[in-house]
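Both complexes shown next keep chain A, but they swap its partner, so chain B is in the first and chain C is in the second.
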Partner chain A sequence: MKEELIRIENLWVEYHSGGAVAKALNGINLTINKGEALGLVGESGAGKTTTALSIMQLLPREVGRITQGDIFYHGESMLKKKDKEMNTIRGNKISMVFANPLTSLNPVFTVGHQIAMGLRKHQKLSKKEAAQEAAKLLETVGIAKYRLDDYPHQFSGGMRQRVGIAAALACSPEVLIADEPTTALDVTIQAQILELMKKLQHEYDTSLIMITHNLGIIAELCEKVAIMYGGEIVEYGSVQEVFENPLHWYTYGLLHAIPQLEGERKPLESIPGLVANAQTLPEGCKFHPRCAHCTEKCKTTIPTMIRISDNHYVACCGAEV
Partner chain B sequence: MAEPLVSIKDLKMYFDVPGKGKLHAVDGVTFDIMPNETVGLVGESGCGKSTVGNVLIGLLKATGGQVIFEGQDILQMKRKGLNEVRKKMQIIFQDPYSSLNPRKAVSTILSEPFQIHHMAHGESLQKKVKEIANSVGLEDYVLEKYPHELDGGKRQLVGIARALALGPKFVICDEPVSALDVSVQATIINLLIEMQKKMGLSYLFVSHDLSVVRHISNRVAVMYLGEIIEFADTDEIFANAHHPYSIALLSAVPKINFEKRTTRIVLKGDVPSPINPAPGCRFAPRCPIAQECCKKKSPELQEIAPGHTVACHFWEDARSKML
Partner chain C sequence: MGGPVCENSLICRLEKVMKKYIFKRLLASIVVLIGVSIIAFVLVRLGGGDPARMMAGDTATEAEVEEMRIRMGLDKSWPEQYVTYIKGVLKGDLGYSWNYSMEVTTLLATRLPQTLILSLFGFCWACLFSVIFGMVAGIKQGTIVDFGAMMFAVIGQSMSTVWLGFLLILVFGVKLGWLPIQGMGSLKHIIMPGLCVGFGYAASQTRLMRSSIVDVMREDYVTAARARGISKGVTYMKYAFRNALLPIVTSIGVQFGTLFAGAVVVENIFNWPGMGALLTQSIGARDYQLVQSILLISSVTLVCSNFLADLLYTVVDPRISFR
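Presenting the complex of A and B:
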């Protein structure tokens, strides 16, 4: 049995702005073990990023509120930790790579400074030691160390993202959360980043939470996958099991809505309707208004997660036989 | 053999970059688009694929070359002639959030093409607007809405309706689905294919998403730094690409298939700057099979099989050496 690192228990998150309430997460449960690569898949507004920000305790203050549930790290509640304690975890034990490499680096500091920042703070290295370590990290991600004193705008998009990864890896975190790390990048650069993440994960035994809407990336990088819809996890299991035998109609729809690179070119099956809006979530199963197999039960009952096998869980009324 | 609908000959688009020189965004691009055909244009950001579209539609003034549409070079045309051509040539933009005027209702946006070309007014205008909206699957109530009241998918439908309003023959689709969610994307792709059949359209489909391009295109052109480096039928290029860049690009796409795991070729480095490009093959600095001569002599597009052209000195060995 692998060691459990993070456990999310029945987590509910709401965003309040103006008079409106958006129910971003509606009771999700998730476990991340040591060395495991987990993919979080879903369309915009599914709650992927909110899950990541909740783990990092980076939800916008006042606006984003955890109303129920808890997140445990090594068995300790993260929500009960004080800010000071969180500061020793964030960027040190758990770190994050953000979607947009243009905005996640500070334009007025050199990349060397930004990579070294975590090292100086968490590992109390001297300025010189931290700079040396930062140079090594830059080389790990495939950037020559003489560029340490350059500013973010002097790098291309792919290189900036690699700087972001270097900074996230600086303190050898136990968990790396990557929020759409390659969405803003070209395919060949994306391939570079994915290879890099694979290599690092094997070398450092880092756990990885990969947030993306690209099912191909999940298939190549992850062992486990959680499909999210309307702030809930609708299907969870090993990537191969879920992608080859999808049991939730949303997962099935996603897999059939994307064109393939190989095989016959069949007409795409689109999912009717719109992605669920967190401000006006439907009763019952969140997916029922778009589901072709919706029954009366689906409109009123929120399906519970049921176990199909050790590698496969699904929350769909149709699957409860 | 049918006459091509659009013939693009040695098209060039350079931009002046003060203090640095000339940016070769499009550098000698030549290809034809047949009636009822979809040509996919793929490549990474900055390779010039959107610029090709913008030059064709006249949003940019080309530095050189010809664009023959129905027998006339539209780059030499004066305003009046162009107006006629524009009824037949349209563009669908990538970002449905910024390509619709936020201060105009959908009905106004869809009326404009008819008004500008004096093709309808009064009641017949309203009827036509309704018709075109319904034909792309927009319900009547949407006509009263403003763009901000619609979601991305509906906005893109408005963009498509506007482009198809005057019954064009040729439509440039510039990344029409890349801003949309996966489930909405499928709807738009299916609609584009359906409208093509119904109206007999030709598409130039510009996209960086190779699986979408494969799905919709008859033929595919691969661009790298302003040049077309490979051109072939869709099935041919996806099964049998011969340019090292196309091979690497295709191998780099993450795939869902668990049985046939192909090796991924990871290219080193980034796309170089298109400002004052060095002589020789532009892909040479990143090419895994480049040799000395590649840095000196620029390869010409040559036909290696019927309808399959490649610009590489070593195309014969590329597949065996790389895969």
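Presenting the complex of A and C:
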């Protein structure tokens, strides 16, 4: 049994804006062990980024609220920690790579400064030491170190994401949360970034939470996968089990919406309907309005997570035999 | 890509960029100033009235007026007069004020610094105040501070300077007797006119700074800074502040020019012995060359402040470079 790093217990998150309430997370449970790579998959609005921001305790002020549940890091409740304590964890023990490298780097500070930020804060390095360390990190992610004093706008999108990764890895965190790190990049660059992340994850022995809607990335990088829909985890298990034997119809739909290179050419199957709106979530199973196998039971009962094997769990009424 | 050493150092960036830019900017400024001088020259003559008759006096005969006209050089054609004036300006001679019987240069040497002092005082307090107030209001969005800032912005922008001036005089000068109501001399003298000059500017900049910081706080790079463990305070004061300042810096050039021009009104209210009071008097007296020179100097101030603002902009925002 590997050492447990982060445990999310029955987490509920709401977003309040104006008079509207959006139920972003509806009771998710998740465990991340040391050195493990977990994929969080789902369409936009499924609650992936909210999960990440909840772990970081960086939900938008006033707007995002955790209404129930808790997140434990090394067995300690993170919600009970003061902001000051969280500041010693963020960027040090748990760090994050953001989705859009074009907006997540500050345009008026050099990349060197931004990589060194965490080092100066957490390892109390001097300006000079931090710059040296930042130069090493730049080289680790494949950028020449003389570019330390350049500004983000002097880099391409892929290069900027490398900078983002370098900044996130600066303090050798125990957990790296990557929030769709390749979505804003070209396909060819995506592959490079993924290779880099895979390599660095092993080098630094970092646990990885990979947030994406790209199942290929999960298959490439992760051992475990959690499929999210409507703020819930609908299927969870080892990547091999889940992808080879999807038990939730949503997972099935996702897997069949990917074009195949081999075999006969068939039209792609899309999942009908729209992603569940967090402001008007349906009763019962959140997925039932889009499910081709929906029964009366699905419309009224919220399915519970059932254990198929040690490596496979699913929350679907159809699977409860 | 250039060498690793000096690529982004401030001095280097400025140096490289400055030569070409200054040259271009200088050319453009010269065109602007020629335009302004022509417009001022023509406008003041289209205003009607006869300066020669005014100088000669009511009882003067036609012949005496004509003689005066020749002495003042107003018998020549407009183009001739213009060229003579400009030649003088290029030599540093801004003409002769018949109304004050003095060289314009000597006259302005005592008056211009007063206007600059007043404008700068107004400008500085307005900048400091609006940046701090706007920043706090933006960070504390939706609180009483924010509400106060918005009220101040609306009131300050819609209140007339004249009315504010009289109000200040009435309250602090007459009722409370804390501050002198006119003239200059001590620091106390500059408080009310200075407040007046900067008031509208402070209001509009507070609003700008507030909305700017609110925008910046939503940016990914602010969340990213927090995600690296930087505390809330440092994130706002260091990593959001500089970005939020950009729109303020952009508008500084134009704003200082407006403020400088607005000082004319304030100087008249508080009897501040600057260029503004001089300008109103000289227009009344049809003191052609004095009016022309004051307008020219105001334009030079505007051009210079815009130029300085642009330089400042490259210092704050590395993405901007001169071409």
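Everything that follows uses one rule, which is that the second predicted complex is superposed on the first by the 321 of 321 C-alpha atoms of A that agree within 3 Å, B and C clash if a C-alpha of one lies under 4 Å from a C-alpha of the other, contacts with A are read in each partner's own complex, and residues count from 1 in each chain.
Methods note: a contact is a pair of C-beta atoms (placed from the backbone, for glycine too) under 8 Å apart; a residue touches a chain by one contact, two chains touch by 3 or more.
Values in this document were obtained by computation on a predicted structure and should not be read as measured data.
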Clash or fit, chain B versus chain C on superposed chain A: fit
First (chain B), second (chain C), both or neither touched by A:Gly75: neither
First, second, both or neither for A:Asp186, with chain B first and chain C second: first
Contacts of A:Gln260 with chain B and chain C, given as first, second, both or neither: first
Partner chain in contact with A:Leu268 - chain B first, chain C second, else both or neither: first
First, second, both or neither for A:Gln240, with chain B first and chain C second: first
Superposition-derived minimum Cα distance between chain C and chain B (Å): 9
Common interface positions of chain A, toward chain B and toward chain C: none
Chain A-facing residues of chain B, complex: 44-45, 151, 153, 181-187, 189-190, 193, 208, 210-212, 214-216, 238, 248-258, 260, 264-267, 270-271
For the chain A and chain B complex, residues of the former touching the latter: 43-44, 156, 158-159, 186-192, 194-195, 213-217, 219-221, 240, 243-244, 253-255, 257-262, 265, 267-271, 274-275, 290
Contact footprint of chain C on chain A as seen in their complex: 56, 58, 62, 83-84, 87-92, 95-96, 98, 100, 103-110, 117-118, 121-122, 146-151, 153, 164, 167-168, 170
List of chain C residues in touch with chain A within their complex: 3-4, 7-9, 142, 219-221, 223-232, 239, 242-243, 246, 316-319
